Amino acid sequence: MTEPAIELKGISKSFGQVQANRNISIRVMPGTIHGIIGENGAGKSTLMSILYGFYKADSGDVFIRGTRTEIPDSQAAIAAGIGMVFQHFKLVQNFTVLENIVLGAEEGPLLRSSLARARKLLKQLSDEYELHVDPDARIEDLGVGMQQRVEILKALYRRADILILDEPTGVLTPAEADHLFRILQGLKREGKTVILITHKLREIMEVTDTVSVMRRGEMEATVNTAETSPEELAELMVGRKVLLRVDKAPATPGDVVLEVENLSVRDDAGVERLRGVSLRVRRGEILGLAGVAGNGQSELLEVLGGMREGRGRVTMNGTALDLTGARSDARTRRQRGIAHVPEDRQREGLIMEFHAWENAGFGYHDDPRFNRGLLMDNEALREDARAKIARFDIRPTDPWLTAKSFSGGNQQKLVIARELEREPDLLLIGQPTRGVDIGAIEFIHEQIVALRDRGKAILLVSVELDEIMALSDRIAVMFDGRIMGERTPGETNEGELGLLMAGITETDRDHSVAEIEANLARRAGKTA
Amino acid sequence: MSFVDIVQILDSTIRLATPLLLACLAGLFSERAGVFDIGLEGKMLVAAFFSAAVAAVTGQVWVGLLAGVGAAMVFALIHGLASITFRGDQLISGVAINFLAAGMTVLIAQDWFAQGSRTPALSGDARFSSIDLPFAEALSGVPYLGPIYAEALSGHTILVYIALLAVPATWYILFRTRFGLRLRAVGENPGAVDTAGVSVTRLRYAAVMICGLLTGLAGAYLATGLAAGFTKDMTAGRGFIALAALIFAKWRPWHALGACLLFGFLQAVSNRYSTLDFGIVQIPNAFVLALPYILTVVILAGFVGKAIPPRAGGQPYVKER
Amino acid sequence: MDKLPRWADIALVPFINLALALIVSGLVVALIGQDPFEALAIMVNGAVGSSYGWGYTLYYATNFVFTGLAVAVAFHASLFNIGGEGQAQLGALGVALVCLAVPWPHWTLALPVAILGGALFGAAWAAIPAYLQARRGSHIVITTIMFNFIASALLVYLLISALKAPGMAPETVRFPEGARLPTALEVFGAIGIPFSRTPLNVSFIVALIACWGVWVLIWRTRLGYEIRAFGRSEPAARYAGISPFRITMLAMLISGGLAGLMAVNAVMGEQERLIQDNVLGAGFVGIAVALMGRSHPVGVLLAAILFGALYQGGAELEFETSVPREMVVVIQALVILFTGALDGMVRSPLERVFLTFRKQPKPGLAPETRP
Amino acid sequence: EPGLIIDLGGKFDKSFNESAFTGAQRWVEETGGDYMETELASEAQREQTMRRMAERGANPVMVLGFANASTLETVAPDYPDTTFVIVDAVVDQPNVQSVVFAEHEGSYLAGMMAAMASETDTVSFVGGMDVPLIRKFACGYAQGAKAVNPDIEVISNMTGTTPSAWNDPVKGGELTRSQVSQGSDVVYAAAGGTGTGVLQAAADEGIMAIGVDSNQNYMHPGTMLTSMVKRVDNAVYDAFEAAQNGNLETGLQEKNLSNDGVVVAMDEFNADLVTEEMTAAVEQAKADIVSGEIQVHDYSSDDSCPALDF
């Protein structure tokens, strides 16, 4: 029997209070492609960073080709034949491809010979694996797909025979992804071992031999891909949890509050994140936006919330909103009746060093209620905070505590209390229960439904499918900056949504993989 | 302005540009590695003092040079400890180093020599003497280029030529060696260096120490080459002009030479003419002296090309959040 | 949760930092052959041992309060304004122009206008670096350094040309009698308390008011709230509709204005004419003061008095012994080094100590609490 | 107990301040007396330093340099029981003694020597801060040079317009080199601490130099033609002495050639450079100036100079 290429035993790792990996064991056989899936924050990247020596595990052992190996740093991992392509590329932007490839693997103190040799080897590698890149191009001039090839070449140049790819397709167009998979198949044929982290079930089904599912820092299961189905994986990934029951009456939608037409957004790096999104939210309904993180939901919330500029047309109660310029800011949005619970409460929703009472008015601090002339009426703010703390059962109840001394759930309640209490016409709410325990989840869900029942419009973004299912009156699924389709909770199931989230539509399922690819490529158009 | 004047001004330009150039290259190494350094001034100052003091005591300028460089490297080490090991604020550390140098040099000068804040005047072997380049005499007859070679280029101290040679050397090290590649990478994306299995800390310390070495040479040149001894605050803002030159040069060695020569030239001109009279406009001396700073602001404002510092500059490298 | 309890953060850490700075300073004194304890005694006695010492200590402290508050306000917006020196120089110009432009009949009329002049000029000098930072991304530290040099060149130019008084020195004529600020000697004298002749003047009251004003600004006004929010987290500020441009500009204008106010004390209160070197490095001392005072007006006031005492004590030390006044510069440097740059050296071991005294984290918090 | 405030540049500036310091030391040695001394740290601390001296009971309080004039003007009236002595400026207060020197006369002699020593018929002058006082030196120097050789060229440069010009040896050296390139072979430095750079550059370039204030001949034997010594030391000594004897006068004290307030230094360090002819000419001119036969124009009397354009 052959030794596994990699075997991890009992790996644990925590970052302060967060246990990112807990007692994880996994075996990967040589010459296979092994997939790892799991929700955002499940601990996939952490596990692989440990394997690559980037982080040190708190406990556990690593075996490489049967021998126990210490990996104190990346140097050791490279020596053991491991290469890694990080989720966020580790490339020097203003270096050429060649320079990036030889960095850290130079042959001698002078560069010339290293570069010459690398150039030769690069040509060889790129012919062998269809990894064509211009060795003299600067990274900053390359598209993400190309940059990724450089990362793979970097690993191959270091003679890696175990290659780890962390969400390699998150930033790729379908065509590029397809190309990547062909490369991976090529590597596999060469006898190399590939570990592929992804959120996209379609990719798992298509290229992997075995697949492991991680959930909340633990290893749920490892199965042969041939013996499983996307539906089963989706269920494993999301967890066999009791479906949360939210008591809610059927929606009675009224007028359209928010109307988004053909909205497009580029991020700071110039990558198109939203590609012509259109949707409507009515009074008295919850529109749930499902999708894997990074498919444009965050950007949509940010544009609507006034944190980012965009192109297209957005109307609120019939009048258009500025999408660029001074009046596209969050203050103006609030004045127009939009409240926003941001996805990242610690980075955006709260000032962690502020007291709870200061945070309770954050964003509404210019409200006349909290001001007396030039001065802020701190007593009024505190009074208001105390009321919110009581009504939303935030614990501890001391408004003088700083936000960072509250638990995640209570921090979230504080934000939600602040935004809901304004009785906004439209509530934008992102990941309302991320990292929040069951009691708080129920409470938060009740509050959201109650707001709906008071005739307000709600746009809900969540990566938790069951949350979307439980709360939404309509569900739209986002993939790659577009709306893939719309369903109503009663007529769909997690399996179908999971497939949509992976970019596979109903019609695709009846066709062969190749046709799906082509279909996707066509729909994606020419990007990158 | 006659040709002789021009040769003279060029001669003076080279002398005045030398400390700027050495300090500028020093900053270039440090900042290219991602460690901002507004403490160039301070390191130059301690080097100026220790080189002059030790040269005065031993009578040997080379021993003085060693001491000056050593002192600057000790200060560089402090900056490294603060900004690399303890992940402190690099700017605040630089400010502290400037003050520390300003105070310490005077304290020690007073303690050692009791001549106010100066060292005894250096003479003979305690000072760098000028050296003539080969054929300077023979070529001086050649029209135009002859005098420029014989009088402006030749006849400086060895440190001037070291500084000039340091430019191609810096270029070579940065762009043609493994060390240079890694050093530039660590200033742009330390994560890339770390994941490539190379120690970010070691690289940054190396860069900071080279910075110390070069500022040491700069300071030693001031006190034992250009002047003949140390006087209080004798760097007189040259460290900041070097910083300005570094930005002006957009962190590139040959451009640094150009920028330092330009700023040296401005000083040489302002030394010679108390106002610049262009017929229609008269530019007061104060303005000529402030020109390096003004030019830097203009560059920073992005009106003349954009100066993009190394991307990871100013931030300590933290692997885990 | 905070890694350190609040008292440790605002008192223990600065105390250890300061102690380290003073210990190293003591070593320096010992190294140059003086008895550090004797030196300390001379300094303490010289700074606070008489009304003369107090007068000078508080006079210097007044300067440092203004420059310290300037740095502190910018710090709250997480901007590092090291241009206090230049802004104070410009403030001096503003104050001088005000004092010279009008034959002031009485200081009560001159003071408010001079305050305005100093603040406006200082603010104007901060406005350009602020704009360049907010709109063009030029690093404010570098631009403010450059502006320090440009300010002193400008002042030199004016003092040898347009503003120069007859005579040899590059200075303006003396301000009119009506622009003289009452000194502590006169104020205390009027109520029968003897006080030495020192430059301590009513500007000290202005400084106290400025402390209070900054406190109100930062902790009581909407603008202060926004400055603090922006300084803590720019994404959060954007989420709350706080304009980064507006806050950067306003924080720097206020900071520059405060630095400019220093001139009311130094130029109007003491020098009574505009001279070239009127700031005396107080702009830089402000950095140390703000760092030590943890950017809180009360802390700034205390740190300013400490530094005022250091300056006055240092002058006495030089007078009494052969320790040059630069000893003060060394102490100042060490305070900046230990409280600013080497803070982590004290903080991280301390955090570890506090962590071991605290109970271990509950096992597996966030993940497991879900069904 | 007398008090002495050393001005910016420090007591070892080899020049003006050092001269005063030497005088005080001589007084200590000769009388065994004691005096208070402090060094000015910055422009802005003049007033504090003066007041501290006065408060400490120093009497007389001696300040050096014209830059103290406007400060002393306001400080002196506050201490009517203290006598102040100021060098190089006139302060019109009842308790102030103002000591001024006839620098133009001494510089005249220096100019004569320069002209006689010059082989290129070009001599030069490096001043410190560009103020009337320094122009007075330059003007006297030019007059002396032209008296010897009417066709001689006199180049004059000032180091700067601010007090930092007193302490910038690097710039002093640069100015000197530039003058050498214009043909000068004797340079006269009247620039305080900046002068050390001038004298150094002259020695490096192999031309002759003339020092100022203190006798600087010893600094570069072989290239120092002479030094135009301003007996600030005597002024200090005399003031301290008079105060000890209780007969310190206030008002104006003029120190000139007749009372040896200014002299050109002759000693073993410049003996090789000074010809007998020079000595004779200088002695003659000195006698003529003292007798009034020669009138040396004082620049500061009307802000103009017949022999030199600025």
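Note that the chains are named A, B, C and D in the order they appear, and that numbering of residues resets to 1 at the start of each chain.
Following the convention adopted for this analysis, a residue touches a chain if its C-beta (ideal position, glycine included) is under 8 Å from a C-beta of that chain, and two chains touch if they have at least 3 such contacts.
A quick note: this is a predicted structure, and the numbers were derived from the prediction, not measured.
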Pair of chains joined by the greatest number of C-beta pairs in contact: B-C
Centre-to-centre distance between chain C and chain B (centres being mean Cα positions), rounded to whole Å: 30
Centre-of-Cα separation between chain D and chain C, whole angstrom: 40
Intercentroid distance (Cα basis), chain B paired with chain A, Å: 47
Chain A and chain D, separation of their C-alpha mean positions in angstrom: 78
For chain D, residues contacting two or more additional chains: 39, 161
Touching two or more other chains - residues of chain C: 156, 160
Contacts with 2+ other chains: residues of chain B: 117, 286
Chains grouped in pairs wherever the two touch, ordered by label: A-B, A-C, B-C, B-D, C-D
Complex interface listing, chain B residues touching chain A: 175-182, 184-185, 188-189, 191-198, 311, 319-321
In the complex with chain B, residue positions of chain C that touch it: 28, 31-33, 80, 82, 128, 132, 136-139, 141-143, 145-147, 149-150, 153-154, 156-157, 160-161, 284, 287, 291, 322-324, 326-334, 336-337, 340-345, 348
Touch list for chain D against partner chain B, complex: 10-14, 39, 130, 157-158, 160-161, 164, 167-171, 173-175, 177-178, 181-182, 193, 196-197, 200, 204, 219
List of chain C residues in touch with chain D within their complex: 52, 56, 156, 159-160, 165, 167-171, 174, 196-197, 199, 266, 270-273, 275-278, 280, 315, 318-319, 325
Residue numbers on chain B that touch chain D, as the complex places them: 4-5, 7-8, 11-12, 15-16, 115-118, 121, 130, 222, 226-229, 231-232, 234, 236, 268, 271-272, 274, 285-286
